[in-house]
Amino acid sequence: MSRTVSEELRREVLEANLRIPRAGLATLTWGNVSGVDREAGVFVIKPSGVTYDVLTEEDLVVVSLADGSVVEGRLRPSTDTETHRSLYLAFPSIGGVTHTHSTHAVAFAQARRSIPVLGTTHADTFNGPVPVTDVLTPEQCATDYEYNTGQVIVDLLDRDDTRAREVPGALVAHHGPFTWGADATTSLEHAIVCEAVAEMALRTIALGTVEPPQHLLDRHFTRKHGPDAYYGNPSAT
Amino acid sequence: MSRTVSEELRREVLEANLRIPRAGLATLTWGNVSGVDREAGVFVIKPSGVTYDVLTEEDLVVVSLADGSVVEGRLRPSTDTETHRSLYLAFPSIGGVTHTHSTHAVAFAQARRSIPVLGTTHADTFNGPVPVTDVLTPEQCATDYEYNTGQVIVDLLDRDDTRAREVPGALVAHHGPFTWGADATTSLEHAIVCEAVAEMALRTIALGTVEPPQHLLDRHFTRKHGPDAYYGNPSAT
Amino acid sequence: MSRTVSEELRREVLEANLRIPRAGLATLTWGNVSGVDREAGVFVIKPSGVTYDVLTEEDLVVVSLADGSVVEGRLRPSTDTETHRSLYLAFPSIGGVTHTHSTHAVAFAQARRSIPVLGTTHADTFNGPVPVTDVLTPEQCATDYEYNTGQVIVDLLDRDDTRAREVPGALVAHHGPFTWGADATTSLEHAIVCEAVAEMALRTIALGTVEPPQHLLDRHFTRKHGPDAYYGNPSAT
Amino acid sequence: MSRTVSEELRREVLEANLRIPRAGLATLTWGNVSGVDREAGVFVIKPSGVTYDVLTEEDLVVVSLADGSVVEGRLRPSTDTETHRSLYLAFPSIGGVTHTHSTHAVAFAQARRSIPVLGTTHADTFNGPVPVTDVLTPEQCATDYEYNTGQVIVDLLDRDDTRAREVPGALVAHHGPFTWGADATTSLEHAIVCEAVAEMALRTIALGTVEPPQHLLDRHFTRKHGPDAYYGNPSAT
């Protein structure tokens, strides 16, 4: 079987997509995860409009990083494919991308507010607020709309790969969250965290927010990320 | 077996009704879906007060479009049957109707507020706010109450079939959402979207709303609907 | 087997108790349903502190209506048993009682606010607001506390059986909802509706409430209750 | 098999950890329960970063109470292990500790507000508000951060074992809830109650709070705790 990507990557992308409804982040067919194979110059993504309960590895679509053309697969890829592609092209460290319409994160996107850092749950994953993009211009909507949806995120982060690693997600204004990570699984887990911290933030805002001290937030981010990280078990994820 | 409607329509209406509780839109037996066969001049609808876990195809009731009489079935049809019938009569493009008491959509109906368009999730399905009807008058409540419940929706849309296609749902004041579509399944999916966007809108309102640009909303509605639609897969729904 | 109550009543009370967690109304072991046999002068109730997943018919406790003593059963009855008993004694039409700590109804009880009538979902079951009791006095707390918890409900309704039928539930201040009905099953379903309308009311209040017209509410209550009711199917419940 | 702790304790700690996701308190791998064997001078705790669906008794880690070293187990213990240890050392009556990031309790922690006593649901378990700690200082974050996270709780309670029994939980500012109890199971159930009362309190605050009378709260705490308790069944838990 002359496959363009490894069985392992296909399986990971399928599994990550199936975790969207299991994590309560899906309505109908909304949401999609992709994973990239940079050596092969392609990424694997969910097909458009397919329900999760019937989704198989065979349905996944392999897309060219270079020009967005379908390299393998009999279905049309997710309409958000070009957004994934523009993120992969701008940020070399990204191995996976997830997009959902999870309700609390969407509420922040619709209110054009970033998700503020209010505690350690947030700081464990995002080293700063989850920012919200500018509104797409009429021109950005008229041509290459989906690619431009990625570009407003790229612009928001000044195409800075380090910032993309430190805050692995953003809210597209009036649309919803896109998250990314070292691989498809991690990008999906960042989508789960993004929704969880949006939910906590919305409830905290109802109670009245207080600024958390930066030294506490730094402590949490560095104990999970970077050279001195000591969270988790090598064999346990 | 001399059935008045096709086995396929019965199966679709049953399945759509069973998706109400699965989608989290049901409390007790509340909610119902119908599907129409315009050639036969009848529609199929859930019986009144039957719980979803015991509902079978045999329980469904076939009702005359012309006069609302029961054509086939040993149970009484949903009390909302006349509301469905008035919508079918007013809007020729409608193939299915769904009514639920989903909690966020009901909250907007009870507050007599339409669900505003705050983002692309809404614009993907509804080309404008989900509007709320006038309150029924004492006369409309006294006689043909359920038929008149449909009429206040028909009046709200000026009996305009195009508007009914562009915004496939409405909130009956102090009651709840009715949605419709090309068939029973689509009407049910519009009920799911209606509740999802009501939930997102309620949370966005808590954060403070900002008007989304019309060019973004238009882009989303037209990529899923009309001659230039490119969302989904023909074989995938 | 010399049982004091019918197998049917036991089975109904067990089933109604098991529906508490299934309907999402339970935290831990909180919540209980009872059903009465007025001829035998006893009622059947959940034992205290038993988890729903291990609850059996054998665990149910049969209690004397006259004096609250245990007539049959090897376990201690629910601590709320005396509250159920005082309601049975005051209102002859009651055949079942349910108590839960469902979160939205408790919020109204803790805020000492009745659940207002904001739409037809409410009016289908409760012919008026779900009222909240006075706070129990130090004396009422000191002696026969659980019996007095029922008494503040009885006082709230002026011991009027008609009112108890028209509005089959009340909130005990700073405690939570008690609902009742013609039998155990109906009392449980009223607890489900009470939580649903509390949830809808809380969300409507966030959007701004508008008074619904009385003629609409009357229409809904009378189409489900009384001599002219036409909701449901005789064989379908 | 030369195990340092009893099979019973291991099984209880495993089961209590597995109840975290079942009770809806978990996102990803967040949350952990431990149980202590004071005679053996050790406690058993969840390993760091392991998902609940694959967690086994073999994965649990046995840690020394005296110095926090791993006595048995091939995985790294939870990063929160030192917080558990500091609580065990300060409060001799504690047999189990639970930490979660349950969303409503975290919202109070992030707003640096204690969970107020608004009704009997709260008073049944917590004899007073669930208090919130001071913010950790830069020094407390820099060295022995996790141990100091326990210390701010110990300081909040003035190292008073009686207070720890009366209010078996606290919120660490900008972090989340820690609860404890006579054993691992009880500490987990206190985490469930903590989240439930936080949820109820948040909704009550939206409606407007009213102070409950102290005599009602006292009645509820004493009917479940202390020499005159009469809630529950000896054999039924």
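Lettered A, B, C and D in written order, each chain numbered from 1.
The working rule: a contact is a pair of C-beta atoms (placed from the backbone, for glycine too) under 8 Å apart; a residue touches a chain by one contact, two chains touch by 3 or more.
Computed from a prediction, not measured in an experiment: that's the story for all the values here.
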Required minimum of steps from subunit B to subunit D, each step between chains that touch: 2
Chains in simultaneous contact with subunit A and subunit D: none
Relative orientation of copies subunit A and subunit B, as a Cα rotation angle in degrees, nearest 5: 90
Same vs different contact residues, subunit C with subunit D, by half of numbers used: different
Inter-centroid spacing, subunit C versus subunit B (mean Cα positions, whole Å): 33
Distance between chain centroids, defined by C-alpha means - subunit A, subunit C (Å): 46
Two or more partner chains touched - positions in subunit D: 206
Chain pairs that touch, as defined at the top of this document: A-B, A-D, B-C, C-D
Subunit D partner contacts - residues on subunit A that touch it in the complex: 118-121, 189, 192-193, 196, 199-201, 203-204, 206-210, 212-213, 215-216, 218-219, 223, 230-233, 235-237
Residue numbers on subunit B that touch subunit C, as the complex places them: 27-28, 30, 47-51, 59, 75-76, 79, 101, 103-104, 106-113, 135-136, 138, 141-142, 145, 173-176, 202, 205-206
